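Every chain is named by a letter (A, B, C, D and E) in the order it is written, and numbering of its residues begins at 1.
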Amino acid sequence: MLISCVAYQNGRKLADIPVEDISEYVGRPDCFVWVALFQPTHEELDQMAEEFGLHELAVEDARKGHQRPKIEEYGDSLFAVLHPVEMEKAEDGTESLMLGEVDIFVGPNYILSVRHRTKLGFAAVRTRTEREPDLLRHGAGFVFYALIDNVVDRYFPVLDDLETRLEAAEEHMFAAPASRKQIEQLYALKGMLMTLKHAVSPLMESVGKLYGGRVPQLCQGTQDYFRDVYDHLARINAAIESSREMLTTAIQVNLALIGISDNEVTKRLAAYGALITVPTLVAGIYGMNFHNMPELDWSFGYPLAIAVMFVIDGLLFLRFRKVKWI
Amino acid sequence: MLISCVAYQNGRKLADIPVEDISEYVGRPDCFVWVALFQPTHEELDQMAEEFGLHELAVEDARKGHQRPKIEEYGDSLFAVLHPVEMEKAEDGTESLMLGEVDIFVGPNYILSVRHRTKLGFAAVRTRTEREPDLLRHGAGFVFYALIDNVVDRYFPVLDDLETRLEAAEEHMFAAPASRKQIEQLYALKGMLMTLKHAVSPLMESVGKLYGGRVPQLCQGTQDYFRDVYDHLARINAAIESSREMLTTAIQVNLALIGISDNEVTKRLAAYGALITVPTLVAGIYGMNFHNMPELDWSFGYPLAIAVMFVIDGLLFLRFRKVKWI
Amino acid sequence: MLISCVAYQNGRKLADIPVEDISEYVGRPDCFVWVALFQPTHEELDQMAEEFGLHELAVEDARKGHQRPKIEEYGDSLFAVLHPVEMEKAEDGTESLMLGEVDIFVGPNYILSVRHRTKLGFAAVRTRTEREPDLLRHGAGFVFYALIDNVVDRYFPVLDDLETRLEAAEEHMFAAPASRKQIEQLYALKGMLMTLKHAVSPLMESVGKLYGGRVPQLCQGTQDYFRDVYDHLARINAAIESSREMLTTAIQVNLALIGISDNEVTKRLAAYGALITVPTLVAGIYGMNFHNMPELDWSFGYPLAIAVMFVIDGLLFLRFRKVKWI
Amino acid sequence: MLISCVAYQNGRKLADIPVEDISEYVGRPDCFVWVALFQPTHEELDQMAEEFGLHELAVEDARKGHQRPKIEEYGDSLFAVLHPVEMEKAEDGTESLMLGEVDIFVGPNYILSVRHRTKLGFAAVRTRTEREPDLLRHGAGFVFYALIDNVVDRYFPVLDDLETRLEAAEEHMFAAPASRKQIEQLYALKGMLMTLKHAVSPLMESVGKLYGGRVPQLCQGTQDYFRDVYDHLARINAAIESSREMLTTAIQVNLALIGISDNEVTKRLAAYGALITVPTLVAGIYGMNFHNMPELDWSFGYPLAIAVMFVIDGLLFLRFRKVKWI
Amino acid sequence: MLISCVAYQNGRKLADIPVEDISEYVGRPDCFVWVALFQPTHEELDQMAEEFGLHELAVEDARKGHQRPKIEEYGDSLFAVLHPVEMEKAEDGTESLMLGEVDIFVGPNYILSVRHRTKLGFAAVRTRTEREPDLLRHGAGFVFYALIDNVVDRYFPVLDDLETRLEAAEEHMFAAPASRKQIEQLYALKGMLMTLKHAVSPLMESVGKLYGGRVPQLCQGTQDYFRDVYDHLARINAAIESSREMLTTAIQVNLALIGISDNEVTKRLAAYGALITVPTLVAGIYGMNFHNMPELDWSFGYPLAIAVMFVIDGLLFLRFRKVKWI
């Protein structure tokens, strides 16, 4: 689906143009065309490939989707795959991370973005860049930066969400009795961290090549901006690594605490059991059939026996309490 | 066994040629010979080595098999070892990963593929390339790419299969009671992931050298294609790493859950045991031989004692239920 | 909040100057301006950006805070983010690591430091550098070093504190019975180590670029000093890694020891239980109703039975003691 | 002990020569001397050092032994330390890995091999190279390759042996009840893998420098051969890594399974215990001394009570079977 | 404390000289001064700094101590920090690793060594070097090597000691019942290995720069010697890594074995308990008050009942033995 197709000149919007005229505008050196697609059909992509002269392999990647994040050079143009990530709430209340895909084709005077499986669009980017014609005049490189920056900025709330969950789980871990439910949550959290990591870490590597060493022609003059994006990615990446390590420990600790909880109950039941076997023994003794058992003839023998049972158990109970067996 | 031996000219099939004429066709600068062998005999390989002028060490490697994946330069020709991987179902229903081997010798105008222990051939590759004479005209480098791409594409269904198994095991893990069977499956899954990794990861490293840095003469002009293959391998590799990490955690969690299950049963048996010891104590008390035990003379003493037993156990049972000991 | 704004000439303090005059002093080649801000307002930062001609992205980073430690070049000036770390005691006695932030802008003849969320200022640095006009004459590079050195020096007491806690926990681990409380402390300690690591390790990487390879113009002549700082950071980093590894093992050992403690109690209770079941059996035997049981008629039968119970239990008790079951 | 001392000319054996004549033959440009020693005395090594003009440090290393595998350049000669590995069966049937040591001194026209603690000699290498005068004509570099290749080839059966043990242990793990013996075997296996790794992995690194980058003069013209050796080492190394990872998991799984086995027995004993406490309770009830217990007067009361005990236990038994508690 | 201060000329000892004359001797191109200090006072170090013209930062490091091992260039001189390690026996018999510190300043014709917290001196180095004037003539570089070599050689016995402890623990682990004491020892051993590693591994890195790449002027001509030291360090480092990995596994195995031991006792107690409950049931049955229980009237009823108890328990005992529950 075509979202928009706009031509710019000298940093100012010229007009919404029909798709067929793209190649014409791209041909003018002072013009700049910006097209946004959402889950395009086969034909739409083919038309774009023709109008912009895109490389066959890049188009194939965009068509099939499910690439890993990357930024590749094809001659003097670039092809980028980004993975925006959203927390999505299912109808039954469970939340999961949705991995979208954004493919970006950038040439000296055009930019084409293709979104898959993500609800979040780039209207905000367009508004922001149109507000700053000075920067937009830098052309495709700057818009490219603005798009990546937008995707990366959306990682932060997701990361914050995951970190909050981890912290909640950590507090829970030592406060409440450990449960299987928690393990399941921590395990799911680990899966989400891995998803986020796989979106962030290859992108970081790729962006790193846009400001240091041999920088592609398109990004020259905007290296400082790409370094800034790189820095954000590095921060997210470090935070993920850190959370992952804490999470691994948390799972281990939680599992051990569940085992410990169960053992504690078994221990307490064993202690309570002991409290019952002792009067049983007393009862057994006075159930013996010896002829010569003077206590049996005492008139207060029976209540005394019961009293003895209570006293012994009372003392044992206090003792067990003291050594924390009950 | 010779599968096929074909000569091409300007991207078009010329003819099936006899093995003895290979060296003659290879000698013509505008010709290109493509030979496919399946588990060749000692003599067949020797003949090929002579016709194509292959390097002794490469031939030795192809003869012995069991190499690790690699791509090596011998002068202006290349020698590649690939490990195709197939999921194979044994007669008793158990499935295991089969590791095949494909050795490819590539020279400026010939390509020789040798398959071992794999049922999957390259007929599809031949059909595809013959349909595109423009690309076939690029010669050996392009056919070489098409062969590698074909092997790599076959990794995806295997990876998907393994990931599906992991997900099934993960769902099972928290849904059903943990069992030894699951551990065995997860352990086997880990072994399969390792097998796949050892097929993918050295190949990725080798393919990486075909598009960046000093590219072999044969692959020049097709670097973008090899980068695309590299990218697929990198994606598979990242997915394997990710699965491996989740798997390690899953095994750990599963083992702990089994232990926890057993402890829970012991805990419940201990609680049920307690429910039995209490009436046993009551019975013991009324089995005592004191002369002065008024309850014994009551006409409703016996049913009352039984009732007391039931009431106490009922209360205990409710209590245990509440604290989740039963 | 403006803390101070001072101009220097030839390594000597010239005067406290008003903010508006900064650009004028910065313009004089033999002058050097040093400004310190604490949690500045939006307007204060804007004014500084204008007076010093700071780069938009760096100012944006300083405004938003929450960057990761880094040192970046913007033309011939540098922008550094440092994370000072303090141990802070809450009112309820629990201690936690507070992560502050210090942003430093350095140009050929100015230095601007911006502190966030940290109580510790740089008065000491100013005093030290003013005492040594020879070094201050080196200009911005040397002051830059002095500021970083000051932040890094403050990591050592924090590291010592964490190491002391670890050692205390280690001694405790084998001396006292293992407890959940300890696990909680070790887990919190791990979190603190991670915090410290994230302050130290990216900074180390960045400082490493100030003395080896292509050194920024500003730091030339003071490389030996930056190497010294790097060395301190490397030492802290190695100590953190080492503590982290010991900590992981300590948590594992501690968890296992708790499980072992509980099992030991269960074992002892089982042994005590055995001590009670034996006389219960004896009592049960003499509670049998056989007509022909000679012991029942013995006048000393009852005390003998009791004695037998004591003797058997005494022997069992000694035996259990010996094999360490009780 | 001197094993052999032979001079070659143009790839053909000239004669067995006395040690004193070595320096003379080495002096002739078309000659090539090959000496093999086995655990030489101090004097033998000194004589060799003099005849060949060996470097003091290399001789010192060969004398002391216990070096790690390495290949070092001393001017235009090379000094290599290899660690052949053999599986050795002790008299009591236990097997362990024996680490031998082979030191090789190579110069432009000599090769000196010194064996320590290994029964396997290089007679096969000598036979093989003498059969191929064409290759032997390449001189020292080729013989050097042949010696390394021989040592590396001997790693394969050891690796196979270890892998077979691991597989046997894996099958055992899930088939038979887990036992301490298995842990011990797996632990010993891990030790052997580490030994093999320490023989292979530094050597791999060293051989890697003989075919890529700046290749020593001696190995020029034979790089393809050294790359082949490197490849074998890389394969062994990858297999070791893989086995090590599976082994770590296997130990973990095995330990957990032992714990689980014991818990299962405890669980079953608890269940059997429950089967006994129930009839004990019934017996207790009919042992009560109430006057008014009609069942006691029934003539079939006793057999009925016994029957009730059996029925209850029978039902319980079936129930426990069903939920897998017994 | 000044240990010695000697001037050399052409590899021969000239004289013990007073500290004040050092600068004079250092000034003569054919002279070479070698000074050794032990825990010097502030003033002694200042004097040395003046006589030799040492760099402020290096002197500061030597004064404060507690650096990590490193070798730094200051112009044409070097500053090295080494960490000798000794096993020290406390009065109560516990042994711990003591970390000393040796700082070495080396210039073209002087060498100054400063020892802290270590009893071992360098007299042996002095004797060795003085015996070989040929080598001593190489000047400071060679003495520098000899000092480092001496410190590194002392790591070997410490490493051997630690490895012996590990092996002893490994044998113990499977032979004797696992105990907490062992865990404590293994944990302490891990701490010692970490200490040794932190002494060895940064030094290895630093020494690696003295023979490959851009070698400092001072070390030229002695690269082969430094490579030899590097090699020793690499060997120690690899051995430490290997021990560390085995140790981690050993701790894990040991902890699991302790838990297993306790569970085994619980299991055995449960089995013994079962042996007692069975005759208790029999006794309970014959304690029932049914009127019609023919066995009660048999004259041999009582001994028969006892016999039945013994027989059942005997059979159970044999059965439990067989399935290894007792």
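The working rule: contacts are C-beta pairs under 8 Å (C-beta built on N, C-alpha and C of every residue); 3 or more make two chains touch, one makes a residue touch a chain.
If you're wondering where the values come from, they're calculated on a predicted model, not measured in any experiment.
Please give the intersection of the contact partners of chain B with those of chain D.
Chains touching both chain B and chain D: none.
Can you check how far apart chain C and chain D are, centre to centre, with Cα atoms defining each centre and the answer in Å?
The mean C-alpha positions of chain C and chain D differ by 41 Å.
Where the CA atoms of chain A average out and where those of chain C average out, how many Å apart are those spots?
25
By residue number and range, which residues of chain C touch two or more other chains?
Correct list: 252, 256, 259, 263, 266, 270, 273, 277, 280, 284, 287-289, 293.
In what order do you meet the chains if you trace the ring from chain A in the direction of chain B?
Result for the ring walk from chain A toward chain B: A, B, D, E, C.
Can you name the residues of chain B that touch chain D in the complex?
55, 57, 61, 67-68, 70, 72, 74, 180, 183-184, 187, 190-191, 194, 198, 202, 248, 251-252, 255-256, 258-259, 262-263, 265-266, 269-270, 272-273, 276-277, 279-280, 283-284, 286-289, 293, 295-302, 305-306
Can you name the residues of chain B that touch chain A in the complex?
It is residues 170, 174, 224-225, 227-228, 231, 234-235, 238, 242, 245-246, 249-250, 252-253, 256-257, 259-260, 263-264, 266-267, 270-271, 273-274, 277-278, 280-281, 284-285, 287-293, 325 of chain B that touch chain A.
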